[in-house]
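You will see two complexes here that share subunit A, one where it goes with subunit B and one where it goes with subunit C.
After this line comes the complex of A and B, so read on.
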């Protein structure tokens, strides 16, 4: 950093005149008083800008000072976790902030040793966790990642919600040789196409194929006579992939199902009048949507007002993040998914009871699936570090690879992609608003075993669906 | 006179070996920020040379993206990974499209130019977001660069790519400086001051704008290729208006006084952002915003005026 400043100074010197050289000298020597002669040389505006320049210089100097001060000597009983989620932008509200909240909660509880068994030991392998939060909404994601690894020398990085981020980061993580746990992004491409022989990259959440395969199974379990399907999905990677997986699964599971219409409005459109009209005129038995956040709430409110939910059975694969906020506005009978057995679909276990309570006590709302995914990723790291008995990267990777660990959403096994990709069971439910207590609940919950809705090792997701779910074990 | 090197050009020539040397001395994460800043800095340069003519391009991300995607698609579909070919692809693609679009844009000025350039860039954004073949909004990854058959690995690859980023950037900056000092370049300034008088002097304003637009697109395309190679990934966010807005922001922040200003400005902004995120991960935008406000209030001609204003005072009349 210092050298860089010198270099910049040098460059500035060359291209400046005699006078500005003097001024630069003043700026960087941080002289606060001026001689008579210097003052005469300046007119008013220049004095003003000199003050400004001093102000800027102070900023520059303090930022340099910050560099050195943050490179404090690392305690050997400390473990640094880089945590990257959306802290600003459209995805921050529904995903990024709940995930960051969960990270804060987990880090504090782990340091205090208040997480229930089997995680009741303090710290990660005895070392206290220091989190470093970074905003995923950045144009220089890779440079930010390298900064975490090299400057902040983190021991591991947990992060990334957008599949685009994961695609860019995964190869860099392998290059930088740093343990990186992707916690939420859904695209199956990460280990199927981009990093086919992972060593440092892990993903502790199941990929998005599971969500839509399970959605198709739930639809046919509850509506065995469904004849036609329609889709309304955002016109970007997540929406396109979700619809492709869902419609392909339906075609395999029930060959006489026809697709009436595929609507792809653009993301953050907010107005779905014409798409809802198209869905209404087609009168499909099933309407599938992977909408999330504000777009989903808009769809529910606009579609609800026009009886879309009465005419067709609507499936919202990522509906769980909004049910608490929508309350009575979400029509009863809507099929809701949570990208895994999370939130109201989570199994009954001590970890989940603790997580639900600790989270809602602290933040005043129930944890949604991004919170669960984050907790799951941090617990995965904890399980591996505790098992390895150290925070040494090689040992942790060996312990995490192919492991099985408990989380608030049940047992997670790192079964795919040579032990780097998690699978877990999943569940879907039907929405019911309890008018008396004012609570949003899910009823008729059906669970699908991990091996039933995830492709076996070595098979690409879409090939697996098209092969008629070859190798699926749905006992 | 014009054949002589002016101060900026000397600075660029001296600066190149220093810049390359820094790549070996500094910690890698800073080098990485320098590298991406050079890529985006080139696009800011493209915005800046248009600003000299009073044209604010709010859609320069268009050519940044075209450059990146041209290189990416050459890698993905044709298997090309040679950096010289990729740069050529990016340059040809952006120049060709700019040449065509220039016939439309050269007829507009001020806010109409800004809005039309913005509209063009958002059309590409919409198109790319719909294209599943190109990974939609997730984008796709680029191959590692090779150099005339030489395919380095590990640290060598990082250094090679850094050097390969520095050289085209400095060459572009050098040529642009030449362009701005040429009669063609000065027409730009005349264009900003009085377009009618310019026409009476016997020059076509349309043609001057067209040439400027194509040149700016060419540099931005090269910037896009270099940036995409440094990141290893392209996505439609490159042509979103927020990206284009950032280039305008950089040009305003650093000032249009000198060709080096946007390159420095980009890097300074990047470093300020990094520390702002470190200082307050939840409200880092506020720090950046405050900085921009202060710059606009106290340094209306950008950071570069800290260095330049004295020169004007000395040569009373401001003639260069």
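After this line comes the complex of A and C, so read on.
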């Protein structure tokens, strides 16, 4: 209102002099060059009448002022979220797009107030969410991140699927002092080695240690006589950490287990003929793989065709993303993980029922774990902003730190790394394809409590595993 | 013994795939002096069109045997359509320019093709396993191998033999060798060099697409597969000598066996093995094993 008043006074002033009325005429006539004749006409005969120019000036300036004032009001009720996932490249199909879909669904539902309790209040602390989507498959991830912070002035960033991306972005987020919620990447290194004293970086999904400790427990629960293990994992942080945690856990849980071969093909290699031969010649009881996306599907097709899944018990810690697509091609009996209690492993609760239905209705397929992780991250931000009662960064960080919130996959506790790293219960199941209905299912599902498969606060994952899971509570 | 046999079969299988995937790249370079980065895009187009056509066909419930016809047809369609469009529409305006500029041009085409595949087939994965499973498996020393994979070794030999025969035993092939040797003299002799360029490019693109098309049944066809193959294919033809068909065969065998050896005997070196072979070869033969002799022109 104040701006509007100032605008009107200014308009009255400029329209009161003949000189300024001439200037107004030129501005409104939208011309930049004039002939001598035209200029004479303007000076002598075509000057706008005083009354018209007053009204025009009031209209012009007050509309500008009104725009500013409207924006000022809107700014109070808008919260900008930068959302970074793979929108192109090999990780887009299995991870990036399902995550982006979940983000779209959550943002629209939050703005409309249609998410079930305890998230039924509209917006984030009452502010409407404006998402800005950015492709993670970029050669300049750090520059893209800085653009979101410095140019787009986002209030928070939710993003990053690749462990490599998270390792690059986490230190930058601390430098830029911007609330950044890592939603999917799995390497435990983020808070154990990269940013050991986080303030602005959070991760609302549990890290890969949980997936692999639980995988080892499930293997021994279902195959107590297993004597040898082998691994085929991608040659980067995610694959290396996953195998490290799984093999170390197996060694602790069953001391007579031997490792026959450790294969680390390049990410996106696609051809695993030699690796499958190596796995077959070593004849391991258990084959562990944290492969994802096209690599995992290729491994299933090539390994399935060569009886690898019959000769060894294969564990796919990220297998859930492919079961709907592969259907009968995924061999029955494969042990499947979903990086938490997600998808078919999700608990029975109102939030999950709503999420599954809303997602399936909108996108025509079931949500997979990247969708769950994205929903979880956005709900974590909502829980914190609602609790803080504002979108002020310091207040939100204080509210998110060490908090506990509900998600479609159950209760999430920000229990590790000084309240910045989430833990939650997890589950594993065994794949079974129902030929009659044509549906993929998981049977023999076993659940593991959060404190059973996650290290306690202040202990590095690998030290915790090697200590014999000291402090684990598996009741 | 078991490991030695596995290394031999895996090495040969991987070498065959590498040769099929890289021979088009070396052919185009040999004739046109274009390091065709878009080769990866043609490989992806071949893989997508093959997986898509197999998917459509198998939905009809007809016999799988016909898919072995669909695969080369898909590659041919890509080769003719994409090859002609790109050669006539873009590359012919660039002939005679610096080789580095051609790398940039073909890189741009590669990026465009990446998006074209996404526009046509989306970002999801495509699986067309039926041809790979239909022939069943054969056990060699107790290790099952898919017969399809072994057939690819046969296909690579056939492609290599046909190319050799076509280049050395036919009139057109001999004229092409003249074009490879010296474009200016060829023109002076009355050879239609432009036509040879177009035909070679279409054949090169078809071979690239064939590499993708025969690979599609064994993999999950996803965005980005073209970028992976271009690095590998480049390594193969650099080792063999750019522009040499025989070099591509030797390069593929070197890389295939290096990878199989490392996977079976020392897996941590797998990633490094290909580049180690490349580094060793280039240290002694900087232009590759079978590099074409270049006459100095004044």
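Everything below uses one rule, namely that the second predicted complex is superposed on the first by the 401 of 475 C-alpha atoms of A that agree within 3 Å, B and C clash if a C-alpha of one lies under 4 Å from a C-alpha of the other, contacts with A are read in each partner's own complex, and residues count from 1 in each chain.
The rule is simple: a residue touches a chain if its C-beta (ideal position, glycine included) is under 8 Å from a C-beta of that chain, and two chains touch if they have at least 3 such contacts.
Note that the structure is predicted; figures quoted are calculated from it, not measured.
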Touching partner for A:164 - first (subunit B), second (subunit C), both, neither: first
Partner chain in contact with A:235 - subunit B first, subunit C second, else both or neither: both
Which of subunit B and subunit C A:88 touches, first, second, both or neither: both
Touching partner for A:120 - first (subunit B), second (subunit C), both, neither: neither
Touching partner for A:258 - first (subunit B), second (subunit C), both, neither: neither
Contacts of A:266 with subunit B and subunit C, given as first, second, both or neither: both
First, second, both or neither for A:294, with subunit B first and subunit C second: second
Which superposed partner A:280 touches (first subunit B, second subunit C, both, neither): second
Subunit C versus subunit B, contacts on subunit A by residue: B
First, second, both or neither for A:187, with subunit B first and subunit C second: first
Intersection of subunit A interface sets (partners subunit B, subunit C): 87-88, 235, 264, 266
Contacting residues of subunit B [partner subunit A, same complex]: 7-8, 10-11, 14-15, 18, 22, 25-30, 32-33, 36, 40, 126, 129-130, 132, 135-141, 230-233, 235, 237, 243, 246, 258, 260, 264, 270-275, 277-279, 281-282, 284-285, 294, 298-299, 303, 305-311, 313-314
Residue ranges of subunit A in contact with subunit C within the complex: 87-90, 92-94, 96-97, 235, 261-266, 268-271, 273-275, 277-278, 280-281, 293-298, 301-302, 305-307, 325-326, 329
Residues of subunit A that touch subunit B when the two form their complex: 1, 3-4, 7-8, 10-12, 14-17, 19-20, 23-24, 46, 48-49, 52-53, 55-56, 63, 66, 70, 87-88, 132-135, 138-144, 146-147, 149-151, 162-164, 167-168, 171-172, 187, 189, 194, 235-238, 240, 264, 266-267
For the subunit C and subunit A complex, residues of the former touching the latter: 2-3, 6, 9-11, 13-14, 17, 114, 118, 122-125, 127, 129, 132-133, 137, 143-146, 149, 215, 218-225, 227-228, 259-260, 263-264, 267-268, 270-271
